[in-house]
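Chain IDs A, B, C and D follow the sequence of writing; residue 1 opens each chain.
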């Protein structure tokens, strides 16, 4: 299987549709991004990254950061994290507060906003918020093999200024006594993690541990236990795209996590990671072209976990 | 990989815990089943079925029938089925009516009761209910390679007598105009499909098409299109166990569907199907021992789709 | 205060607007009613009934029947009725099933459909459904001083045929074990009580006990205890018009109960009862012209309980 | 009718039960109040105030302040206020956020917390928050005929520190664009209005306009239009006690508004206002002894609007 060929073919087959979908516009920094950007990066066990298109330009990874913070929070808290956040699909729009009330302030999973906020709270632990952000950044620079990985402070500020819904969720959980740190501290980390800016290449690299049972397959450094990695992959497949997760599972067939910046990170256990980027979103907030690129790659590679051709390749 | 050995080892490792969990008691016929029954059957591409324990005694497959009816309804209706029922996880208890109201009588997926009822309605189509049941039975006898497969009429009657919640769901959808057939006709099929009685061996056989892109790998007969089969597998992984689907996905790692009779059917695309049976349930209505048996098999075989060891075996 | 003059003036002031609003059309018998019908009847302590317009033509009283069945159920069950149904406003559309799930099958009050169904169940008690209907009818003929009061069987049949939502509610409660009688028995009474046909004159007469602490002020016959009557009046003011109760309370200012047949029954404790009829409804299912007639009468008489002029007249 | 006698008798009849119920403890200043305090003050048209017990000791009026802020907001905004907040009973616990989501950030009525917060926002208008508080205080000093009426700043601070749920509600509405002022500005006024401290005597005096169509019956000064006053009375009867409003309406039978400080303010249109105070609350947050005192007064005076004896006294 010539992965570079598949990546190139996929990019070329979809290039004419660059600009489709609707970019997020709720903050200026996202609205200003060139909507025709389109990049695909596939990282494999060997550390080789197969790229096509805009794979060396940083973009705001937004909710994709939830994957990395979850991995770090699990390493800090272990199973105790699951007392604070559930592990089941949500079945409601990503920012719904109804289920949160019904379930007494315990979010359904770490990938809806409320669940990500409480995960961030546990990730902070007893450090200060700034130290937590510094640690997260250092980790990503290490995993992404690039010290240039940083936070777009302008995006972070905008997130905070427009973050009424997230503030509401955080105070709601605080009212149930679910947060260990002050609400504004938790949010200050949360808004900064959403503003992490990575290139497709950096992102695919940084996530390789997901596909290889928690170890970076190149450096053999362990990032996450085998079991926790399996958990994260399961959560990505079941809950990685809010109310569009079922559709994504069918179309693509492997774990993924989308962000409203137009990025999608996918993990194909035992095989590869993929980062795609195209700013236009579908109605559920997932990159339209990105999801199609992943579906094409799934089709060409037979990597969908729901396809019986699995062992024919 | 010696599958028979894995099956035997798994059965032996768990045999002492037969009787754990709580069998369904809402109808006499289920309450009377010997709670220590325990069977495992693994069917593979060659048609060989690896068995251990009580694999030749029929049990009430209950909600596992939803998988077969979904496959048949898709063959009859095609994509139009998805106008009547969604394809996303539910995030509520399996019989919740709240989401149904919010979404105007369109159930979230075919594996919650409301979604299964509307799927049954479409499966009936313009046939009478008795003809629909006869067709379903014939199909299962064919796929399960056994003309003895039948319906436990006593269970069916009990289901109808105790079926107030399902009646409520059906009338609720009827009020939104979501059913094509009279409510009682739909329910009469639904209650009978739940009362289908199969052995583990028959069940694993009958489901082989799920693991092989829609074809019976032995007879090469096509039961379901490749794409629809992929869809069913995705739905099983994401929604096959109600509010326990996330946990099951992590523990087991391949598509499955549970029934309150204590059976679980699993599909491992490209590899095998597994039917397990043990009447004691966990709090979400999934067979306790059955789920553990599947987790052990997943561990031994490396079949979890979330594990990076996938290609090492 | 010349009540006849007030009634006449009100009728004349609104006569040009007959036909406004939207008549209920969900069953043929209601859709066929002449939409320009308009009647006002005010019954007072002396038994005198002040009438204007179409006050001698029977109409389908629909949900107004809930008031009479509640009074009868309270007489049969006493305080035990309140174990089965609540006494608080609902805050949701009249047929919502959400709150019913949250509160485990106990409806919020006797005037939403679910609450009326369980009230009917308790009214039936251990009689058969037909005997219960016969008793209700006899009571209404007595209170309404007219043996012609009857049930429109065609309406009752149509109610049953189109009653999917009410069936859903009833089976839902049955699933929680909230009904003492078989669902279809309860519904057969419920659909017939909704089909009771009374004239404005009969209706105002039959309800006089509500305004006079439970006694018919003419015959001095006690229909309901003083305390229960007070309870019914309170419920009518707080919950008599579904999600339009707050508006009605402000506009009119005394207890009332509307029906989708276009009737409204009002009780002004210590003073009078009023029955109005005009088929066109507002968006909450209350007679548009009927509510305006009551508001005008409230304005002229100073009978609003929220107005400080109360003692000036 | 000797009102002073009724007030004295009521106080004496209930004096032995002082201390019953559970005082609010969520902030220290409330938890420290002597739970045996018990006062009743009835103000009439002439300006005479009939008192018994602790009627000259200020207490935290908490949610009773919502009545005064509503009156002021209506005077500022007129009918436009009703675009921002509904006028129907809520049917959920007082701080529920579910209905708020369903209805896109528009609270059901001005007496649930979310509705009071948006009412406060409109009351502030384009003044600064401090000026709004100063104006509110001046108004209450004028209506309560006492310049000593003030705000307990310690209570206000505690409210703010423990106000996570209210912050959540406010940010939730802000996310829907429902607030004109910054969230923290609105809350700073809201927490201070809740901390208003009045005696029973001052409170009964300050509210007299409610019972007399918007005018202070002593000074003849107009505080609120006739129609708006009627609206406020209707809202108090239907929504003044959260999920206990139906019970209160039956037991007492006239408009009232409770606060978790143990006060209840009642308005009997055309007759009087009553302020009662006893810190122990029932499970819905209404003063237990206070509600019983009002029920006894209603019984003795015949002032319940649901009783047919109305004109017999």
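Throughout what follows, contacts are C-beta pairs under 8 Å (C-beta built on N, C-alpha and C of every residue); 3 or more make two chains touch, one makes a residue touch a chain.
Treat the numbers as computed from the prediction; the structure is a model and nothing was measured.
Engineer: Starting at chain A, figure out the least number of steps needed to reach chain C through touching chains.
Structural biologist: Tracing touching chains, the least step count from chain A to chain C comes to 2.
Engineer: If you take the mean of the Cα atoms for each chain, which one ends up farthest from chain A?
Structural biologist: Between chain A and every other chain, the largest centroid distance is to C.
Engineer: How many Å are there between the centre of chain C and the centre of chain D, using C-alpha atoms for each centre?
Structural biologist: 32
Engineer: Can you check how far apart chain B and chain C are, centre to centre, with Cα atoms defining each centre and the answer in Å?
Structural biologist: 48
Engineer: Two or more other chains touching the same residue: where does that happen in chain D?
Structural biologist: Within chain D, no residue contacts more than one other chain.
Engineer: Chain pairs in touch?
Structural biologist: Taking the chains two at a time, the touching pairs are A-B, A-D, B-C, C-D.
Engineer: Please output the residues of chain D touching chain A within their complex, sorted ascending.
Structural biologist: It is residues 96-98, 101-102, 164-165, 167-172, 174-175, 183 of chain D that touch chain A.
Engineer: Along chain D, where are the residues that touch chain C in the complex?
Structural biologist: 86-92, 99, 108-109, 211-213, 226, 229-231, 233-235, 237-239, 243-247, 249-250, 253-255, 269-271, 304-312
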